[in-house]
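Next up: some structures, all given as structure tokens.
In what follows, chain A forms one complex with chain B and a second complex with chain C.
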Partner chain A sequence: MIEQTQAVQDSSTSITSSVFRILLAVFGNFVVRRFFFFLFVVWLASTVIFIIPRLSGQDPVKEKLLLEAQRGGAIQQGLDAMAKSYQKRFGLDLPIWVQYGNFLSDLARLDLGTSIAFFPRTVNDIVFESLIWTLGLIGTVTIIAFTLGTLAGAVLGWPRRPGWVQYLFLPLLTLAAVPQYLLGMILIFVFAFSLGWLPLFGGYEPATLPNLSFDFIIDVLRHAILPAFAILFSVIGFWAIGMRGMMINAQGEDYMIQADAKGLKGARIFMRYAVRNALLPQVTGLALVLGTIITGQVLVERVFSYPGIGDILFQAIRLSDFFVIRGIVIVIIIGIAGATFLLDVLYPLIDPRIRVKN
Partner chain B sequence: MSTEQAIKTYREGARITDVDTLVVKGLSVYYETESGTVKAVDDVSFTLKQGERFALVGESGSGKTTLAMALMRLTRPPGHIAKGSIILNNRDLTTLSEEEMRRARLSELALVPQGAMNSLNPVMRIEKQIIDGIVDHLDDDETVTKDQLRETVRDLLTRVGLRPDVARMFPHELSGGMKQRVAMAIGISLRPKLIIADEPTSALDVVVQRQIMQTLGRLQEGLDASIMLVGHDMGLVAQFADTIGVMYAGKLVEVGPVEEVFSDPKHPYTKLLIQSLPSLQEKKDFVGIPGLPPLLIHLPQGCAFEDRCPSRFEKCPIAVPEMRGVGNRREVACYLYEDEDAS
Partner chain C sequence: MTQTATTPDAIDRGQVGGGWGQFYDDRLSPIKRYAVRNPSLIVGLGLMLSLALFVGIGHLVWDTELYRVLSTPTRLAPSFEYPFGTDTQGRDLLAVSIRGTPLTLRIGLIAGFVSIGLGTVAAFIAAYYRGWVDYGVRSVVDVGLAMPGLLILILVRINIGRELTVDEMGFALGMVGWVFPARTIRAQVLVMREAAYVELSRLSGTSGMGVIFKEMLPNLIPYITASLVGAVAGAILASIGLEAIGLGRFSDPTLGMTIFWNIQFSSIILGMWWWWLPPLVAIVIVFLGLFLISSGLDEWSNPRLRKRV
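This part shows the complex of A and B:
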């Protein structure tokens, strides 16, 4: 790099060399490099999403109208004209390069288009509204499950744990293997249907409008309990098993033997030596899972008719609402790429070995 | 022969006093397995005077490291100390409670591990790894300021030949030799009376090995501590130690002053071991010891070396030979010397 800089300085004017140096400074920065990589991933994936439906040869508008026509009876008159006008409305009559340009510029402004099934509502509205519910429920549950599961796994993988702790392992393993929707249905049957303690479905009472009053918040929490536990039980086991494995691995490391030989207190060896090192892969896992929670838990949200993004995705697929599906997929891509970006930027803070020196 | 050369470099002015720092009596470490008891260390006894450098040698699997770990009481299940006593400064370590033993580690006996590998916590700064050992050995009413601790770290690093700014580094930023020096700095941080160095120079190049051993020796003399060096590098041992103990199949078979053992080995195994060393002076074929050590789970009824021994006779397979004195400060477990006067 130094040689290059010097070569440039020798052969060019001072302007080009300073431009070069600024570029080097900007792109040499690890965070900036990772951010551009993030943008690149989003662009690439979006392009694939743009191309693939067009390869299918199907026309989302026409499909939709035909479906409606079949439902509504045999009125086929003016269907083509209607399709044309809708295609004009969605810009589908333009040459493909113009469409691609429009798509990218819309994406850059984070405009995901208009829903076909709920016309004229925008995809942004629909996705944003449901995303709040999903992030609120699944985001919170994921963080709680990660914390509890990692803690349980850490204790389970610690040779000097109290004896009774080992009895936790089998239930955790079993719960991790039960599908969440099945657990959800059992919970609904027992606590909502049979006992009637908690509501059967939805994110809040159907007759109310979302607001920030105390009663409404309590109502939301009551609705969230069953889906939260349906996810929590299985996900805790997932984190616990991973952490337990990493803890057992750490026991064999030389620095663990040395920590004992140094006569350190048990609590310090546990936290600062064993857990601290075993946690590293767990954090990677958490970042990747956080990227995918945007997908929602389609099955769980379906079982509980929870107004999250998973439920919206299900409905959009059923109604072949192409633009909503596309919008949700793009949000998922941004979520995963964003989580990877954050992980890249934050991971060096917890693992000094991968700190990049500029 | 290289051994003669090695003896010439044997250190002068060793300050060995007549105080027993460590007395190990009949120490046995057994591993209980499904197919039977593995006697990794069996009935080992030896004594270390204050200031003495004792080297434990033997091939892989002979029980050297197991013995070293047992002295620290760090034997992990399914292994356990089955018998014997470890008396350090007139206190039997085998009778201490877990908490008492924890306090004894590092402050009374310290382990200097193979630091070049990963015996340091990869996610912790060097400073922190030196400090935590000190802090965990403070008495309840004792307090130290951060500045005092920093000063101690600075001092320790300088003593092992490192720059003080190494304190702010992480292990992956150090070379193998530097990590080994950090391991030594940790080992001497509480001025222990016994340093157990478990192959402190493996995985280092020869030049660094020499520097490390010199530093280790200097530190030990500065503390008036005894040292137990575990290793299989006979040349290194010959240059460093005062006394040598040879282990075979979990048993100590010969103990004596290093120069005497090298010039006049008694046990047939020691003889073969010394013959097998390469020489700088003359060009000759490498001589190995034919055969393999016995499985520790099926030890023969008699001497463990019997089937490989060139001087075996009818007595050997009957019972395990006891250690007996042969000459000044020398002991050997072999029937060949049964009739010699233990003067």
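This part shows the complex of A and C:
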């Protein structure tokens, strides 16, 4: 229909209209739209982060340098170089729009600046080093917790489950209500302090240097067990409660009655009808709580002195190292926005209704 | 009424007709029946009430000024003189618990009311007037949901360069926390907008504000209350988080600051269980209580959940 109308128009219009059509196809595309939203969020967050220090009328660099100068002593020599580096880097005499442009272009190249407290080191360096620890822990734990919690919730919300399962509900509910870092403190007290089975804090034995030997990997795993369980327990409860609610809601649906009427086996109704449909809001939920999980993780790392991003954030706050704090905030925002984007893009794969609409 | 009053059970209690029996049948027995059907609400309220009693009685019988640093000998295990023991910096931990618990709840309540207030207003404006207003609110909410407010708050706090008071922290948490309630309440309003009684009210000439305040808001109150409880819990969690990483006010004995001092002085490794146990128990009671109240209110506002398996 559209092709026919365009064919009768003259050639110049047909070129512009086909360009328009391509643009429409590209921007009308769900994935592209979501990607631009991702870019928009990152840009907006960066702008807010750029504006905040300028609104407060305080200069964190100057304040920190002043603080160091007051302490005096050995650091004095680095101070000049530091101040010069910052003046050059930020061009603080430049008009604000130029500063803003520089900030955005630095960010586009993923250059987060230089640390004040650990001077010659770049923020990228510091953040990257700790990010490996955080991602390793949180990635594994989130996947395990989502799977186990969803399964537990599915069984809990199923009328034909074995009777003993219902006793799982109260402990899961209680665990979901306890913040992760408190659970972490209890775990440290029981398993590290009282029983002495596992290390008290840190990501590896303080005396060793990170390497890829077998012993070191075992050591890292031993250190990861308690923080992992602290997050795992509380997050499992969260998923289980959500899934249970969805399963209960699914019971009254027409497709469940139909499946029953068709005489399908219980296991098939459970997996293909109830779980399949109840799963969708769970995935949407994953996108929504990602930020909470990460902030929770930051605190768990603090409790365990785990060498991840949370511990660095705490150190940076203590040393008022503004650029490291800013770098971490930016990285976490990009991380959450990126993960949300991925979930949005992958969502049609599990929900055919959205797939058809697009 | 007469039927229930003459049941053998009521006769056994000697409460047939008038007085206590009448009162029991009229008022208490429906509450009891509701409590049996909705135990989460009752248990949750009970937990919060027990906490309130602890704080209230504590203020009456204990010298709460002992929460200050160096007001007691340091690192004493619980004894008759100091029932909760003392910490490394010489605070009486019973006084800390009595003073700190209501402070933390205060942060949560301020943040909860601010965020639900802003969220409800935004939701009604967006969902009722639709069009570009809705589009604007929705965009702000979408972006706000994608940006972790807590991190922005950390940056703001670092740049202000001074400690936030309890009220300021509650207010700040409310300002970053309104987007989620705005989104969920907006969805509720959108559904309700199409309901027949709202349509009827609009057709019979009620103004926009009239429809909102007379028809929609009263029907949404259970849902908004449930959201409020959730928002309070979320804000308390966030405030404890901010305080635990060292962004709280150092002179306030809130639950979060107590956790901060515990981590700072490695109380677990020192074996000072009496230091970290009270704030931990208080926090667990608060969260469990609020969670149970919230799911109890859910049951009340969303009868679909009543068909429990």
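Keep this in mind: the second predicted complex is superposed on the first by the 299 of 358 C-alpha atoms of A that agree within 3 Å, B and C clash if a C-alpha of one lies under 4 Å from a C-alpha of the other, contacts with A are read in each partner's own complex, and residues count from 1 in each chain.
Here is the rule we go by: a residue touches a chain if its C-beta (ideal position, glycine included) is under 8 Å from a C-beta of that chain, and two chains touch if they have at least 3 such contacts.
The model shown is predicted, which means the values in this text are computed figures rather than measured ones.
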item: Fit or clash between chain C and chain B when superposed on chain A; value: fit
item: Touched partner set for A:Arg272, first chain B, second chain C, both or neither; value: first
item: Which of chain B and chain C A:Val178 touches, first, second, both or neither; value: second
item: Chain B versus chain C as contact partner of A:Phe314, first or second or both or neither; value: second
item: Inter-chain angle, chain B to chain C through the CA centre of chain A, in degrees rounded to a multiple of 10; value: 70
item: Dominant toucher of chain A (residue count), chain B or chain C; value: C
item: First, second, both or neither for A:Ile257, with chain B first and chain C second; value: first
item: Which superposed partner A:Ile188 touches (first chain B, second chain C, both, neither); value: second
item: Touching partner for A:Leu299 - first (chain B), second (chain C), both, neither; value: second
item: First, second, both or neither for A:Val345, with chain B first and chain C second; value: neither
item: Distance in angstrom between the closest Cα atoms of chain C and chain B, superposition on A; value: 9
item: Residue ranges of chain A touching chain C (in the complex, touch as defined); value: 37, 40-41, 44-45, 48-49, 52-53, 55-56, 58, 60, 63, 157-159, 173-174, 176-179, 181-182, 185-186, 188-189, 193, 200, 245, 248-249, 251-252, 288, 291, 294-296, 298-299, 302-303, 310, 313-314, 317-318, 320, 322, 325-326, 329, 332-333, 336-337, 340
item: Touch list for chain C against partner chain A, complex; value: 142-143, 145-148, 150-152, 154-156, 158-161, 237-238, 240-241, 244-247, 259, 262-263, 268-269, 271, 273, 276, 280, 283-284, 287-288, 291, 304-305, 307-309
item: Footprint of chain B on chain A - complex, ascending; value: 253-255, 257-265, 268, 272-273, 276-277, 280, 350-353
item: Of all residues in chain B, those that touch chain A in their complex; value: 72, 74, 102-107, 110-111, 113-114, 117-124, 132-133, 136-137, 170, 172, 183, 186
